[in-house]
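Two complexes are shown next, each including chain A; its partner changes from chain B in the first to chain C in the second.
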Partner chain A sequence: MGLVEWIVRLVLSPGVFAPVIFPGLLTALAVLLIVIWAERKIAARVQMRVGPLYVTRHFGGVLQMLADGTRYMFQEFIVPETADKVPYMLAPALALTLAIAPFALIPSAPGFAPVKSPYSLPALLAILASTPLSVLLMGWSSNNKFSIQGAVREAFMTLAYEVPLFLSALSMAILYGSMDLEEIVGRQFLPGALLNPVAAFTFFVAMVMSSGRLPFDIVEGEQEIVAGPYVEYTGIVFGIGMGLAYLKLYALSLLYSLLFLSGWEPLPRALYSVYPGLAGVWLFAKAFTLMLFVVFLRSVYGRYRLDQALRAGWRVYLVLAVVSILLSCLLRVVVNV
Partner chain B sequence: MLSTSSGVVYSRLLLREGDESVYELFIGPQHPSSGHMRFIVRLQGDVIVSVDPDIGYVHRTMEKLAEGREAIKAIPLLERLTIIDSHNATVGLVTAMERLLDVEPPPRALYLRTLLSEINRIASHLYGMGIAGIMLNHSTMFMWAFGDREVWLQLAEELTGARLTHTYSVPGGVRRDLPQGFGEKFEKAARYMERRLQDYMRIFLENPQVVARYEGVGVLKKSEASRLGVVGPNLRASGVKYDARLADDYGAYKDLEFEVPTREEGDCMARMLVRVEEIKQSISIIRQVLRKMPDGPILSEKYLKLLPPKTRERVLQEGRVKFPALFASLKLPAGEAVARAEMGHGEIFYHITGDGSAKPYRLRVVTPSFRNVILFRYLAPGHRFMDFPAIYGSLDYFPPEADR
Partner chain C sequence: MSSYVKNFGGHVRAVLTGLKYLVKPNRITVYYPEYYVEPPEGYRGMIKYYPEKCIQCGLCAMICPAGAMKMYVKKGEKKGRPGVNYQRCIFCGFCVDICPQDALEMTKVHDVAFSSLEELVFPPEKLAVEVQSPALLRGAVKVKPVFDEERGLRHE
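On to the complex of A and B.
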């Protein structure tokens, strides 16, 4: 009995429950399936068609993604003769690890942070910033012209979106006077999006860019470079490549909710008293709604050109990010929020 | 700045042999946006230095195949060149055969041909716009255009009995008369389409993202357009007012009033807008056709009188042609004839030579896409690699048509 109790306690402890179960790994994988399904359904609604239908017909084909995933699972994994084999196999695993690692730093309720640190915001951003490296590695080790093109695009884009993303996130840290995500939520007497709308907007656009959603899905530009860095990958590893962007989007949406939408506030006390980790349901709902909006953009926009996206990143959103820092300083120093 | 060394025109940018900064990318024939063809794209960084279109991956020797069978069988064969626009593709052939056979189709048949041609043109433009949409990864435009194409395919099916390969025009007339209640069905479709065109403008052509991708990209100057022998909306978007419907006397176009929309810019946006305008014009042409259509037979008197009297009576009554036995081995007299027609993609040109046998001695066709394929070589160099699909989409290029 002692062992079972110990396991239950271990699983329910913040250090395991938050990153592995909710809102971390398991929830993330479920979200991955649901959001891709939702994306297809939303696009289908706009485009006057049905979308996924045949698997679980009565539930709008909700299990379609699971079926697709299963198919990916059983597909042969082909390693091209000319690929650089070790990095070729290592890079997807690295990418998946780096995409899931941010959940270790996201608190889902007051006092329910897996890793407590006064620097959880910059740590989270640092982990998010390292995923493109594995994508670069994927593209380069594939030794295919299309994948190298994709890798180079990833490199270009990373620099263009990362700077505005960081600066707008840090402007909120300036505003709240803290880099601890848990504290940041506590300091929001108003949602951050109202306190610093410039930062909220910049962060949102950089988030869309970073997760490769339209109109910035340049890295995988299907019409130009087939699947970009993932072109040589098959089976479930290709699935990882595709899911990577969604995982990143999920992590960033959670971060957005924490920074700008006052996180788990107002706290659902009933859930919190059942189990503290469940207070994150509200945070999750905010993040998921945001994700739905981001995937909805697919039915409105096409794809920007690489140079246009870079120009937007460097000339518009970088400037806006700097403005958001100034705004934060102004609010903090002059108005003394 | 043109380089013609070793017989290859590299157009606007010079390419040095053995330049190591040049990066060669083979796009197609199996690629999300290449269509059934291959492009050899050379890049310097992200800038296209040259594009060599390599056609011929769908079918070849359509012309030669047509020479091996009876003339009448060339119609269903050659409509497979451009299956999305099949009546426009063969109406030129039928006109040429009529000129060779010296048959005059009755006026009602001419009006019916014009009707189907315009329905085909709308469907073809919708196809082109849908493809242009997906080339920019704008899946909504793709789905909308392809869904709305269905409206016109159903009208064409109503008229001819076939969704895609209508084989509607035959030498001397058409195969079927106008079905009952076609006018109301068309009017409904036309009103729907006019409303949808506004939606297209809002979500696609006025979308800031699409404007950024299209404006000033792939500019074809007026002088270049006429020098290269480009045809169709691509030519008219560069300011040249040429349309085979005006240039050649076929169908009922001389009785109808319509405008040939042109634009001066010559960029991708202009090409798309010309197509939108042409859809509007086509709707207006069909309205006129339905208003002005004369009564009378739908097959030439010359062939009708070959039928037994009872069958002839029934054909005239039902409005469905029962072909006289002669059609199975229609003999083309010695001589030659040419005809052209305006397809959705541009002008198609037929040259048919007869030697008195049932098979054409020579049958040659110059398709619009074959004349437009040169544009890849001229428009893409100097642009970013990501502009390549944008330019491709705006050209409304249809690979199987070039592979005749």
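On to the complex of A and C.
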């Protein structure tokens, strides 16, 4: 077996292809660039403006984010004198790792899961739940009052959204009787959002909270605490901080499509027979549309105050999440899907 | 409970309104350096000075509430001529109003940028040269804002 053949095999194996190429790292980066541009463009359309335009004008400025990223690359990386140096450097690396790790668990086609496990749903949720730790570390080690405020806000918010997020996801696991994402998609004779709309709604809102998009961008709070935990970071590391929320949103959107929008169904047979890894186009399209909708919310909403978001999280969405669990139990007993 | 339902309806309405604008955008800004919105009559932009009309009375410098206008006296001369420091000017137009000779005038030019603070100080000689809008110099298309019953603001 030649070296080239070996490399091709390695790249095409689900364990490498899924996390690194699709839907993982490379696709995620492309999505990141396009979604941030789309967010600005959508907000501009709704707010009667033009939005980014001059970079690649003929395509409506779609490469704007690439230009911004390049600029970040060449900026000086400053470590503040008062910062706690080791965690200050370590936290962004940790954050990026944790943001990419979920893609190792997301199946993009039947039989094409990088890590096959009967517990892929809780494992995925656990990884997603650990990203706020790195944000806390960033804020704390920066040793700046804005960043610490941001970190504390992150801690508050995490508690408020994580519980409804988990409960509504697990209610779907109860409904399908499985915690394996691949099996969950297989059991959806109807999209999960129709089976349990309460869970779908709760998960959606918790997802927006979790990825810190408007109206819940309380952690960054640009106008109040100037980017919160990321305020001391410069250059590409600041870019990572910015991209972090979008990576999380991407992972959560994929999860949402798997849980509630029947994942990769209807399966494109032709693509599947060519190479199973390519069969996730529908999954990707659903997740991407969902992301576009989430970033669209920016143009409609203003930011909630911290206490309002916490109140909504605990008083409304926690209750809804419990209701969704009851609904799932009921459906399982009555309909026995 | 009923307030939650009402709130939910409000959210749905807000999102729908947003979607409406997303599908049917109603842009009211213009592509600025290519299009240039003409300021209305009486717009207070950069100041132009006509030295030949000036009688060097100094009223303009006296009235200036921001201390932006100053008389520049040349060596050997008794009376000075006005110059403006745009770091301070608030474009109130008092200097133009008080001038008995109409030697000062407010142009409509407003989109000028400077690369240093010193450049913002205009001595009389510089004040006498008409400032040009860089967008217009580069051949921007002039447009005028019009009120439209349906759309609100339009440019043509």
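Convention: the second predicted complex is superposed on the first by the 336 of 337 C-alpha atoms of A that agree within 3 Å, B and C clash if a C-alpha of one lies under 4 Å from a C-alpha of the other, contacts with A are read in each partner's own complex, and residues count from 1 in each chain.
Heads up, the rule we're going with is that a contact is a pair of C-beta atoms (placed from the backbone, for glycine too) under 8 Å apart; a residue touches a chain by one contact, two chains touch by 3 or more.
Just so you know, these numbers come straight off a predicted model, no measurement behind them.
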{"item": "When chain B and chain C are modelled together on chain A, clash or fit", "value": "clash"}
{"item": "Partner chain in contact with A:V316 - chain B first, chain C second, else both or neither", "value": "second"}
{"item": "Chain C versus chain B, contacts on chain A by residue", "value": "B"}
{"item": "Partner chain(s) touched by A:P164 [first = chain B, second = chain C, both, neither]", "value": "neither"}
{"item": "Partner chain in contact with A:K145 - chain B first, chain C second, else both or neither", "value": "first"}
{"item": "Touching partner for A:L297 - first (chain B), second (chain C), both, neither", "value": "second"}
{"item": "Chain B versus chain C as contact partner of A:P92, first or second or both or neither", "value": "neither"}
{"item": "Which of chain B and chain C A:E222 touches, first, second, both or neither", "value": "first"}
{"item": "Partner chain in contact with A:R305 - chain B first, chain C second, else both or neither", "value": "first"}
{"item": "Which of chain B and chain C A:V46 touches, first, second, both or neither", "value": "both"}
{"item": "Chain C region in steric overlap with chain B, selected from 7-15, 61-69, 79-87 or 115-123", "value": "61-69"}
{"item": "Touching both chain C and chain B, counted on chain A across the two superposed complexes", "value": "46, 48-49, 299-301"}
{"item": "Chain A residues touching chain C - in the complex, by the definition given at the top", "value": "42, 45-46, 48-50, 53, 296-297, 299-301, 316"}
{"item": "Chain A residues within the chain B interface of the complex", "value": "43, 46-49, 145-146, 149, 214-215, 217-218, 221-224, 226, 298-308"}
{"item": "Residue ranges of chain C in contact with chain A within the complex", "value": "4, 14-15, 17-19, 21-22, 25-29, 31"}
{"item": "Chain B - residues contacting chain A, complex", "value": "23-25, 31-33, 46, 133-141, 143-144, 147, 203, 207, 209-210, 212-213, 384-389"}
